[in-house]
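Input: structures, listed below.
Common to both upcoming complexes is chain A, partnered first by chain B, then by chain C.
Right, the complex of A and B next:
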């Protein structure tokens, strides 16, 4: 065994995108109970875009943040409880709420070039004793050098680790390795990678990331996640074991957990790379946009591919779902056709 | 005689407001206060023949007799320190920070009620762009259940204070949305987009309404947009009212006057233009008092 890799599991957060944020409290409780003894480092729970994100813009969640977190808290004892949050959607007092419930790992995320919006949030969380991952989303949109600059800011704000998210599933192993290698050689804190599978490369990218120095890697059960889904958790653990990286995950226990969970959404919902996901990945558009694009395409009578193309042209960032309606509305005008 | 004003804060907002005050026949600017002698904003003011100080609030107090109104374009935390001192000195304040102090002001909705106020709170850029529409929707649909506003601004136009104050931005915008719409359930969201060329400020307003009165909503929205355009000519509807499954949606784009920054920075323009408009209403109020 070479290095210790922490497996971070956002099935109950990123996966919420796949079911329009409708995971039930029963799903959350069953999932947490089933995976708690499997050796995962963190289970992340919440709306697909994290704390404070339930909205018409991104989709209303079936349950309040607090209900989801309290349910997970009551059903985890060995695996730590995590959340994701994006300043601009979440407020500082959402951090206080999460800590009061007993959240142990706070991921504070911004678009990959805008780390300065996380400053007051990371400082507030650290001042209250939280363990914080600084997250840079849509990391294909910035060069390795720019990502280093932004990650260095988050390290300076007090982040305990940095995570790069390939939110659009646009990276390949070479571009992943290049980004992780530079950051891992220059930062003094652990580095993580979060992949999406739009081009079928999530496992390959995650392996490249670990080989280049990442020590935190994200995976979702059965790949359950936004768009084409995330890196498939159980496969990721198996591949890392094959490459002699120690994850601490008991793969056979994880397989038993999956079999027990057959009837709940993460396992019962098939996750495949649909053509819309492939197109989205090629254009580098955020995976979370999938259902909103499909809805706007049908409401305005516009081909989804043209919406993805226009969103790529205006460099839409994660959270800008309102742009989808404005783009679809514009494309539906006869003058643009 | 024009109303004498000072500006504290020499960042993006301070410089843009300076341009608008200098161009306004009823307003004058006698001092711009910043905190660094090397500030580009202070140099910008000096080039326009306006006196400056790099000693911040202390520099402002050193010349306290030279103006009647102060535009505060610093940060939420600074405003909380400035406001009580300025009020004690008898100055009128127009607060352009997200600090929750002063009377919430959307000039097209309550400007005339606030011409005698001592501290006027311009809420936030997203508040000025969204509240006129949200209030119009609520007037036409008193049974509105939920209102949500989402603004996107260019990364270049989001200065360090805006970035540090995102949580205050949300809290203040939501408080003002409740105040002007009467709707208890509201949400405000801000996105910062780094695309080049800069994206224009856009603000989307969504509302949950069981049975929307579309004709009345359309009339109210058109009237609201026309009123905002008096102070902000680049305020324009880009997605017409759209109603499906109980959800009402519309979207505006705000093109700035291009005074200090690029016209894409409609977020700066809408708050400086409405603040200047409010100061002008106060100037006219004072002239009317003197004439009487």
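Right, the complex of A and C next:
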């Protein structure tokens, strides 16, 4: 079996969660310069929650979206520039701004059962000539059949590809495979998979996704990403190559790039599966909640495990970071104990 | 499917590689006390290369074997105490010392094609009433059929179980499965698997091993171990439980133990898959070589990648750390460049 697999790298976007959205323009420039010749398909840049998401609720980014994108743009020539956006945080006219800066791949994302919120965004982007990934986040929360329904909607809006995100790191190789296999057999556009490592399965899930038909896979350098981190980029490429999938990535060039980048945040910040990440993955809570939960746990004197459990009980989805405070506050009341 | 899986924890032995064999008696005591009630089958303690291995060549341990074992012994009551030994580093009478201290599980290890060196050790240990795991290290370097031959020898010497070690972190789920499946169908004693995470596949390989019939699996807290680290203990237990294998481990109790241990080396030392670890895994070089290769690379001004490549070319096996210096020295000569 051989298929061409596009490696999509959200190190500078999902990884921004790991440093509370504090990536510097210098880090962004250095990263883009170092990886540009390695054969990656896309480098994605921005606030952890994507375009327009810098806010008190989700966390303020160190730099404006436009500054981050322009910096990346100036330092990429072979790898395409991508962004992530969630309608509501991102506005429709943010698409125009992104395209003007030269963004080449737009990911337009919703919770996995709410594809309809992406309709006008995908249509607007496509009407303006953009290449668009329709993204379904927290994809463990819907059955394969339900995901197919939602992905079919995004395909109908004009998406060029569909990406399933295991935003909570809750899937295993079997549950990944069944989701990708169904969509792969029913959709006419390429499929992608974005994993998190809460259960230590990000590489295995990504391999299962590719074996089931995905041709776009996400990986972050050293796993730098929200919560337990994402699928580790360099090991992902090596394992796909072992399984005879052609990624176009030069693994030894990528390794040399990593060695050059030892001092910048994506490489120097160790990505570890901590107990909070494991528990969050078991409960199926969005990886991007980690730092918010840790802060709320400390502020309200509540065990993180209880916050994750309560968030799971109310089916919290990515973007509902405001719930964390109210859940922690409720749990801190003596009557609830 | 449900089977009882024994979780074997070499954090305080394989992890000793990660800190150049410097684990303190205080760390050992704290670790044993914290995990004793969590349902682990065995905690293994000692120098990274096992009993008797403290030496200039392999690295001097901070404490004598007897001190480490006595400390662990005094702090374990429910989880059994285990050791690893490689004949040659360990002497036959080390077995008597270990048994006198109260070690309950003896692992007697050889390179995967050299089981015969374990014969007198396994026989001596069994004659003295010990429970013995016959261990085949670097098990990617032999075919399933050859491993079966060697494991059959160890079974014949009296081993109570056979453990395959992916010492280089080179296996993938398929190559793990075929090895364990063949041995499981042909041997009459239990089988174990010990993984390393160089390719990010330690959890997936361990799951594949259990699905193929292994009933003993190794995991280290936070992955603390040689090179890229071992299979992460707490995620391993969670994933096995997800797949309905009964480990007897209380995952939340284990998480609380980890939180208590934040300040000790196995938890506070981040285990990261660095480029050297990835390359070492791709070439199939023993994980325990990492720190020696790094030192030699720096001393002789040679890229670590070239040292790993040369070690692979001469089929270096665990215990041949002396080769690293000569390889690095040779590579540093202008005539070889």
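Simple rule for what comes next: the second predicted complex is superposed on the first by the 336 of 337 C-alpha atoms of A that agree within 3 Å, B and C clash if a C-alpha of one lies under 4 Å from a C-alpha of the other, contacts with A are read in each partner's own complex, and residues count from 1 in each chain.
What we mean here is this: a contact is a pair of C-beta atoms (placed from the backbone, for glycine too) under 8 Å apart; a residue touches a chain by one contact, two chains touch by 3 or more.
These numbers were taken from a predicted model, which means no experiment stands behind them.
Asker: In the superposed arrangement, which partner chain does A:305 touch: chain B (first), chain C (second), both, or neither?
Answerer: So A:305 only meets chain C here.
Asker: Under the stated touch criterion, which partner chain does A:235 make contact with: chain B (first), chain C (second), both, or neither?
Answerer: It touches chain C, and chain B stays clear.
Asker: Does chain B (first) or chain C (second) touch A:323, or do both, or does neither?
Answerer: A:323: touches chain B, not chain C.
Asker: For A:116 in the superposed arrangement: first (chain B), second (chain C), both or neither?
Answerer: First partner only.
Asker: First (chain B), second (chain C), both or neither: which does A:134 touch?
Answerer: Touch status of A:134: no partner.
Asker: With both complexes overlaid on chain A, does A:88 touch chain B (first), chain C (second), both or neither?
Answerer: first
Asker: For A:173 in the superposed arrangement: first (chain B), second (chain C), both or neither?
Answerer: second
Asker: How about chain A: which of its residues touch chain B in the complex?
Answerer: Contacts found on chain A: 55-57, 87-89, 91-93, 111, 113-114, 116-117, 119-121, 299, 314-317, 319-320, 322-323, 325-326, 329-330.
Asker: Within their complex, state which residues of chain B touch chain A.
Answerer: Contacts found on chain B: 146, 148, 150, 152, 155, 158, 160, 163-167, 170-171, 187, 189-195, 199, 202, 204, 206, 208, 238-240, 242, 244, 247, 249, 251.
Asker: Which part of chain C faces chain A closely enough to touch in the complex?
Answerer: 172-173, 198-204, 207, 222-223, 231-232, 234-236, 238-239, 242-243, 251-252, 255, 258-259, 270-273, 275, 278-279, 281-282, 305
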